[in-house]
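Please read through the structure below; I'll follow up with questions.
Labels for the chains are A, B, C and D, by order of writing; each one numbers its residues from 1.
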């Protein structure tokens, strides 16, 4: 069927019921689908489980701060040189939500590959054996026998988000989407998800899309809905179009240091994503992308 | 270290000792590293085990015909609309070499992923369970328990070629190589191999290479040697540069119908790859690529 | 069959009719026939059809001149392309692809396909090329089987080697992905489908100029026979016109 | 430390000296220091060094202005880039990458790193960001550990959570990949290495202006102490010149 082009509100309303397992893309402060994430916050839509890329930042911390994440699978929630993730930290240190399913980058990447391929579970390469991770996460890590050598190994379960929300650079009218410069693990996440909502910066022709190389694109039949939201990764970066706005992220980190500050920040996200994007459209970088 | 640029003969002499497990890329009649394969034939270099892409054609049949393959792992050896693989067929029907380790495309692709990632073995998605493949290939397929559900499943072993020989379109002076239009499973094969010899059509600058998207390139540190051989995929295609020469392939299929005819064809491969490429340089397509 | 079409044309049109708008079709080696069928379907009743050509991973290729090989770079004018390794993932996922177009050296009453060998595997009388992606047949919503060879050698009681699983022979047994399994078989003589109770192949229609008795003679097992066997509707002018645009030069199909 | 360089400069130069020509270095989040070090090494004694910046997968990025984030698109002027999912494969392979640059909230005498939590995991007093790729430390030929915080809180007797495995404490125990494990620790005060017998951390050199006693005071375990502790050779003019070209504006490093 032809791709469905929806507003952030419509896409969230139709594809994200409360309590689902949500995969959210973007790595560190790049290519986070913030328009969709802000819409989750506005709608108060709860994720039963949140699966991130190997390194999440604001897309995870904002949802955690808003109390919308029951469980999280993420190898990293933080802001690199800008500091720790205030809401994630507070939750862990005060025993609040989310429950953390401790995980590392390799296991996550392989678990998504398994989920994408109908592979029931994934034996882990050595390394994880020597960490404390499997010990604190028996739900995701189990011992298994290697039928070829007889050795006992750790295995990680396959992961399949009910819905993945990712940011790509472009769509064409058929809903085929193309990543910006770096695919991170967002491609695996998209392939593993039962449905897929993609936020993009712009529309290109099908001929332009055709010229992109395999591995850069996801065909429209995998895409449940496309949300065209120029500037929608803000304040994270859309690689090649605009950089992360570190001033805005610093302002968030400062505000989110305590629950009251966080509440103030969340209240300032405007009533609609259109209004928000209108407001940030003048920020450096985003302006050129629009 | 800087990449080593070698002739086909030098590359084979240095990296392919007789009896190794050899991975050879190229899918159907596209992107087979024929310059390297012909050099194996000229040198009479025996593969202890040959692992192909999910669909091999002349790169496998030529080696089999020359008696150089002890064991083969290949989900398909044939020539699509041009017919069956004469030497592969003859070997199987007369009980000659190679021993066939029966395998399908999915299991091969996952086994290479496992080999590339240090993953000890790979549980199979359902499907293979209903075929006779695991029954005839107990060496590669074993039963394993899913530690999360308790179910019994088939697993395939990880595959790691000692050397992979693949054809790419381009190299830069650092030995970073870039695929042509389609990566097939050659990327997984390259990542799984202990050493990697890449045949390319041409040299580009590092700046040109830099513009290629992730997933198209393999960095020079993974490449043991580069062989610059314009036209070297002939008579298979180098995608985007020249098409397969079906007349030449038909001539091979006709000749290889019996061992004598095959011997004649093999004897006609010229004493050196340079001489061979010189001779075929005038064929349509190849001419433009050189 | 002397009117303005040949077996390839009739089979392509029959396959095209089986594809529904919005479906995702996948095909493998030697894709001439299903590729033509998909393009005809897209031109006529299924404008939102998606189709993936095997090895190349091209999605909806629309080349000026259709190549014969599934990996030919001339397939590149396409909506996009997927790495083959991703197609393998999507096949295993089991909830994305609608139709798998498959064939075999042997095909049996339950729709099992065999691309590996005739005779004993260890010393076959005929060694086929190998099975490629056919073990994923049960993972796709349904499969369409096609062959240019409607003979007793192809349509056998029981394949010598299951390389592409069909319906389960045991009553009530379910396939792991719980999909429909083989749904349609297209040959130069007839179309067949499967009895929902016995899951055995049965005649669905005979092509113009062919009788049910003709089909029975060249089928190596007791083909299910409905009370009345309709004739396959011949290609319409619109179908033939659409096919003319997309047919590989001189392709007789697999 | 008042001469023409600061801690970042000294540490970058010390790390750069540890990289050998032709090696492949990998770094993760917050790569300012190892990225600068690799670029200095490449400019001086290791022209064939390869380095991979974590999430972005960029290989040998050489940006005009170095960004602080490992995923910043300004890293794109690079030799090439690998999808992150391929880097995960290469890490697990265990025979390709030479040096892993790592750090931790806590680092212990055996070079175990902890990026996950201080205190009990279920209710930590400090929750760190998470471990990302650190479980692959034993898969890489050797690791270089760095931190800007040489304190007793960072250098602890035993990490509260092993998220990046160091040397085995048990005598004779081998790590699964049979690699060297942690080989060098770089802080603003000193460099440390590991006793090949006990596999415990020991002082290797003190930076100009720092004494061994200073280092002992801020290290939370019995640091091995050689008979004579050399001073870390200060950056040469050539090293400082090379660093000036590549240093991120205002970066203090991790």
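Heads up, the rule we're going with is that a contact is a pair of C-beta atoms (placed from the backbone, for glycine too) under 8 Å apart; a residue touches a chain by one contact, two chains touch by 3 or more.
All values reported here derive from a predicted model rather than from experimental measurement.
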| item | value |
| --- | --- |
| Contact-graph separation of chain C and chain D, given in steps at minimum | 2 |
| Selected interface, A-C versus A-D, where C-beta contact pairs are more numerous | A-D |
| For chain A paired with chain D, centre-to-centre distance based on mean C-alpha positions, whole Å | 28 |
| Chain A-chain B separation of Cα centroids, rounded to whole Å | 37 |
| Chain centre separation in whole Å, for chain D relative to chain B (CA means) | 39 |
| Sites on chain D at which at least two other chains make contact | 57, 76, 81, 83, 88, 91-92, 94, 139 |
| Per-residue overlap in chain A, given as positions that touch at least 2 other chains | 106, 110, 113, 117-119, 125-126, 181-183, 187, 212-215 |
| Chain-level touch network, classified as line, ring, star, complete or other | other |
| Set of all touching chain pairs, with the criterion as stated earlier | A-B, A-C, A-D, B-C, B-D |
| Complex contact set, residues of chain A against chain B | 106, 110, 113-114, 117-126, 142-149, 151, 153, 155, 157, 181-183, 212-216 |
| Residues of chain D touching chain B in the complex | 21-22, 24, 48, 50, 52, 57, 59, 76-83, 86, 88-96, 139 |
| Residue ranges of chain D in contact with chain A within the complex | 29-30, 32, 55-57, 68-74, 76, 81, 83-85, 88, 91-92, 94, 115-117, 121-139, 161-165, 175-177, 251, 254 |
| Residue ranges of chain A touching chain C (in the complex, touch as defined) | 1-2, 113, 116-119, 172, 174, 176, 178, 187, 191, 194, 206, 209-210, 212-215, 217-222 |
| Touch list for chain A against partner chain D, complex | 27-31, 54-55, 74-78, 80-81, 84-85, 88-89, 92-93, 95, 102-107, 109-110, 113, 125-133, 136, 180-185, 187-188, 215, 237, 239-240, 243-244 |
